Amino acid sequence: MIDLAIQVGQTAKPEATLFWILAPLSVAAALGMLLVKKAVHSAILMAFVMIALAVFYIAQGAPFLGIVQIVVYTGAVMMLFLFILMLVGVDSSDSLTETIKGLRPTAITAAVGFGGLMISLLGRATLGRNAVGVEAANAEGNVQGIASLLFSTYVWPFEVVSALLITAALGSMVLAHHHRIQTRPTQRELSIQRFRSGSLANAAGLPAPGVFARHNAVDVPALLPDGTAAAASINASLKARGDVLNSSAFELGNIDTSVEEEK
Amino acid sequence: MMTSTTLVYLIALPLAGSAILLLAGRRSDKWGHLLATGLSASSFFVGLYQLSLMLGRSNSERPITQKLFEWISVGTFKIDASLMLDQLSICFVLLITGVGTLIHIYSISYMSHDADRRRFFAFLNLFIAAMLLLVLGDSYLNLYVGWEGVGLASYLLIGFWNQKPAYATASKKAFVMNRVGDMGLSFAIMIAFATMGTVSFSGVKAAVDHTSTAALTSIGIMLLVAATGKSAQFPLQAWLGDAMAGPTPVSALIHAATMVTAGVYLITRSNFIFDAAPTAQLLVVIVGAITLMFGALIGTAKDDIKKALAASTMSQIGYMILGAGLGPVGYAFAIMHLLTHGFFKAGMFLGAGSVMHGMNDEVNMRKYGALRKFMPITFATFGLGYLAILGVPPFAGFYSKDMIIETAFNSGGAKGIILGCVTLLGAGITAFYMTRVMILTFTGKSRWDDEAHPHESPWLMWLPMAILAIGSVTSGYLLSHGDALVNWLSPLFENHAEHAELLSPLVVSGLALAMVAIGIAIAFIKYSRNEVAAVAPTDVSIFTTIARQDLLQDRFNEAVFMAPGKVLTAVLVKTDEAVIDGAVRGAGRIALGSGSALRGVQTGFVRSYAALILLGAVALVAAIWVVTQ
Amino acid sequence: MNWLTLLMVLPLIGSAVVVALPKGKDKLVKQVALGSTLIVLGATVAMAVGFQRDNVDLQYVEKYAWIPSFGINYALGVDGLALILILMSTILAPVVVLAGWNECQGGRWSVKVFYILILVLETMMIGVFAATDVFLFYVIFEAMLIPVYFLIGGYGTGERSAAAVKFLIYSLFGGLMMLGSIIALYVMSGAQGGHTFDLAALSQLKMSSMTQNLLFLGFFIAFAIKAPLWPLHTWLPDAADSATPGTSVLLLGVLDKVGTFGMIRYCLTLFPDASKTFTPAILVLAVISIIYGAILAIGQRDLKRLIAFTSISHFGFITLGIFAMTSQGYSGAALYMFNHGFSTAALFLVGGWMISRRGSSTISDFGGLQRITPVMAWMFFLAGMSSLALPGMSSFVSEFLVLVGTFNRYPAHAIIATFGIVLAALYILIPVQKALHGPTTPGNENLSDLNLREKIAIAPVIAIILALGFYPAPLLNVINPAATHVIGQLGFSDPAPTSGGK
Amino acid sequence: MNAANYLYLSALLFTIGAVGVVIRRNAIVVFMCIELMLNAANLSFVTFSRINGDLNGQVIAFFTMVVAACEVVVGLAIIVTIYRSRRSASIDDASLLKR
């Protein structure tokens, strides 16, 4: 497939076709990123743009970068994004109404100005009218060409960047690491604490979430003897995410008890 | 010129006394006054020794110098700390140390009840040293050091009882007005250096011939300004009356006999300049004439015995300045009057001090009266001084003052007649106000308060008075006998052409005595025949009122200098805060204001920062777009 | 032997010892600080003894490469002027330490910090006068602000923070101007034979008169702020008002001298033509400073502010002398710098003792001190007499030389400036009368007189003032050769006597 | 085919990314928009590489990717940390840096 892409890229016509199909699509996807409410959808559209760019790289004689784009970006980085999205709530959707006064018109005006000026500038430039092409540079293969540059001219930046990578990895570990201020209480301590607290209501531990015939999951609160929902039976983070179901459907009053009466 | 190695002791002895007394502090309370008196006397003996040496030398070899060290030397501006003693300075040296020693002796008793007597003697010694430096310095700059030194001593002594605010103010006034005069001396030195390249007396004297009259006139006028400041001459006379705040011996020594005559010394010393600058010389005469009338008129209205004597001093120095302004003929007579005046005025001041001593420090003459019986010695010595200042023959003033009047008449033309009449009139008024002082103080009925117990002063006080009285009687005759002083000083001054004599000496003496007689008669009629009120009457003529206010000199200074000065100061202080510092603070406020205005941009929302970055990028691209157009 | 480096290192060693001392030993800290400053003084005197008076070249020259790639050297050397200013600084340092034994109390930080700041400042005071590399000079010039900033802001009184910030911003503004000029000089030196910051080399640069004028202004504004010259003076009263007396002494006595020293060392040497172009304007500013400072001093109610304004007047005299371009004016100005250090030190130290005893710096709160505390009153009086340039005090010699030197070339300026001596009498005698004379005002009855430590501290200052008043030759002999040299380099010679046009 | 077309595309994508950074509130989306801008820049680099006929542009693009990867790692860690304390991924909630 790579060879095919190279072949397509080397002839002008197929490349143009490829460009005029993929470019509008990627612009549309990029615009979509701005407009969709759910972050997951944005991520999918982003992935599309990245793959489209990878194709462009390959088409322009940079197969190594194109592959790296797909493997590193679309593969690793986007996965990381999705992973974090799962962590903070896949389903949460943004409100697209603007809260900071005047920001959106400013941004759009600036963007139109920026884009317009850039395109005007590019149009004025004489660049690219007669591209040299990287065929000569890629004579010994694109990977070899990049490698020879990386390990000669750019060896120092290369080393620095490697240091940066390690530092970044360490840094993210430090950031993500939750620093404990006190020692973790033991089971024994927790139990003592429960019994000594003001009420004995929770002495036996928090109630388990509801277990019902029609729905058996941690997102439904248990019912108390008087039939009301026990808020304490739901995990706090579920509550924070808003992923708690209403348990009213399982309340005593709403269940048909006629059979018992017959006895 | 011959050199000497002993001149410095004249100054060093009293200076050492002052330093020892000030540094030793209370430890020297017991013997400090004796040490100071002894050092002053020993300085006097050094002076006598120098005089004896000088008498033994011929006229041209009499001046001697002593170079101590190189004081200032920058480029061509070379000033040695060196002393010069000539015929003129020896007169002053003996006057200063002689009268000074007598006044030291007097003060031992006069100040015996004062807790700070030691400090008083330290200041007196400091004054003697500074005054000697003034008359011994061999250049204008050395003179300047002594000039300001006596100003400092005068300031310290006028303000000796500075716990009284009025006295402290009086001392400050004296110092500041003296500084105005000092400024004149500074200018004179600067002009002399700029035009002649030297400021030593001998150098300037040699350079006079090569110097333009304009430069000499400006130097002369500036020297005159200096003289008016130090000698309380018009228009810088206002401080002298207030200077009577100091203890009476100070008034006698500094503000009558020595320091205030420094202006006369300066003009006489600079005779070569004034002789070559007639305009300046004329101004000297005018200042002298105005002041002698000014002082005399003030003297007629003063009830404070010391202020009346101070006015008299001002007037008498006016005579001296006038004499010195008359050119070569007048210099010697000015000095002669200076010396005789030193005796009789110091004697009278000490007499006044003696009266105050007996009268609980009362100074108002209207509260005296009939003291003749209680203070016979004081009366006698004061009376001799009185006769001397009037110019009654054969007392000292007769010789010296009549000479000045005669010279004035003979100075030629309308100027001579005007000056002669002014001096004659001054003599008449002097007779009037001095007689008034005598009558109010010593004769008539007693008008003093009950708690006053007038008594004669102890011998330590009347002895100096007696010696000075002897001087008032004899000094005139001794100095003028065979033209002794004139001949003594003549080598210093240019030989002069004799003027045609307008009036003969005999006529002048007759006229002067007639004026004196008239003055005495008026005073007798006014004060001896009528009852004198113990409280000054208020329903007096406008002239008396003005004279009592020192001819409005203070009001003039207040209105013309002090009030505008205060306004200027206040305005400038406000301006400095509001405008100059205001501009600085304004710049700060603009920075602060623009900062807090721009702070509005910092909303804390990352997205608005991002929008700003985007705008910045747009601006950058736009700039590129424009540049690459 | 590298005397100058030794002088600069000694206080640093002292401050290192102070750092190493354990906490709570305040007295020991003070003793160490005093000892170090005395050792520095001894070394300075030893160095001064070996100074060749008639040699107009820089002496005790040291030069080591510091940042070779920019042509920056650690280069030191002194001429007569720098020598006496270093001497003045090192004499004042122990005096200040001894006089202000307790003034670090009430500060934001500890006693140790106070003395570390003082000692570090002393190093810089020496360095700023000794530097012959413009870059080194600039670095020290700016770095000196730091200890002073903390001394004012940390140990002062009243609105000390505001005053410290005002001082800092004013000075930084001037420093920035100078930095611009220095960079321009550096760039130009690159085009004319190699990049350098060496003062001697830079003074040989050729530049257009426009360039020279602009660069001159950059330097001059920095120095005019330091000096301070009207109308750039308003930081000084505030700073002096808030600083402790000791800090004020170092600030007015030494740091401000950097301004006038810089005018001679840098403005005149680097830009002779521009100096001549701007001389008329500068002379006018100097005369305005003299009169304006004096009048404002008369109008002050606060003792410290009054002293600050008298200094503005005195700096006017120094500037006048420098730009009069005569040997008398130059020598007078140089001597004035030295003398002013001591007369201001005396005023500030005694004034500071009065203020700390009375707990107020308003002049009218005092009264009758001459009867209660005679020694203190006498010292204040003598300091005042020195400030009004009474003959016999050292300041008279310098002030008169400045006036005579100015009169020779610019009579009108000299005449107006001379009116300053009458105003000086007023601005000294008014506080003397209010504070020392008159009846004892309530609240003053129990003030104590100077103790032995204070007497020992003030005695050398007064002794120097009096001794140099009668015998200034030791200093003049050091200054004079440099004076003739500098004036000659600018193409001037003393005017000959004019004979008044005859 | 004119290589400049890629540059136009790059400019458009960059602009869209910039707008996204400004108007979206979700920190993760903002982050993705930043990635979009970086990618747009990379496209330019690759295109310039082609126009100039040497591989330097591609190497720079490669470096950009590495740096972007670092940035993502750290940035997402920050987002997680903020989320942990504030229970929100909206960047408007982290507005402590205000007057």
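Details
Letters A, B, C and D mark the chains as written, and numbering starts fresh at 1 in each.
Rule of thumb we're sticking to: a contact is a pair of C-beta atoms (placed from the backbone, for glycine too) under 8 Å apart; a residue touches a chain by one contact, two chains touch by 3 or more.
Remember, predicted model here, so these are calculated numbers, not experimental data.
Closest chain to the protein centre (all Cα atoms averaged), using per-chain Cα means: C. The interface carrying the most C-beta pairs in contact is the one between chains A-D. The distance from the centre of chain A to the centre of chain B, each centre being the mean of the chain's C-alpha atoms, comes to 100 Å. Chain B and chain C have Cα centroids lying 37 Å from one another. Chain C and chain D, compared by their mean Cα positions, are separated by 59 Å. Centre-to-centre separation of chain A and chain D, using mean CA positions: 14 Å.
Residue positions 100, 103, 107, 111, 114, 118 of chain A each touch two or more of the other chains. Chain D has residues 18, 22-23, 25, 92 in contact with two or more other chains.
Counting partners per residue, chain B has 603, 605, 607, 611, 614, 617 as the residues that reach two or more other chains.
Remark: the chains found to touch one another pair up as A-B, A-D, B-C, B-D.
The touching residues of chain A, counted against chain B in their complex, run 100, 103, 106-107, 110-111, 113-114, 117-118, 120-121, 124. By the touch rule above, chain D contacts chain B in their complex via residues 18, 21-23, 25, 30, 91-92, 94-99. Considering their complex, residues 603, 605, 607-608, 611, 614-615, 617-618, 621-622, 624-625, 628 of chain B touch chain A. Contact residues on chain A toward chain D in their complex (touch as defined above): 12-13, 15-16, 19, 23, 26-27, 30-31, 33-34, 39, 42-43, 46, 49-50, 53, 56-57, 60-62, 64-65, 68-69, 72-73, 76-77, 80-81, 84-85, 87-89, 92, 94-95, 98-100, 103-104, 107-108, 111, 114-115, 118-119, 122, 125, 127-129, 131-134, 136-138, 142, 145-146, 149-150, 153-154, 157-158, 161, 164-165, 167-169, 171-173, 175-176, 178, 240. For chain B in complex with chain D, the residues that touch the partner chain are 599-600, 602-607, 610-611, 614, 617.
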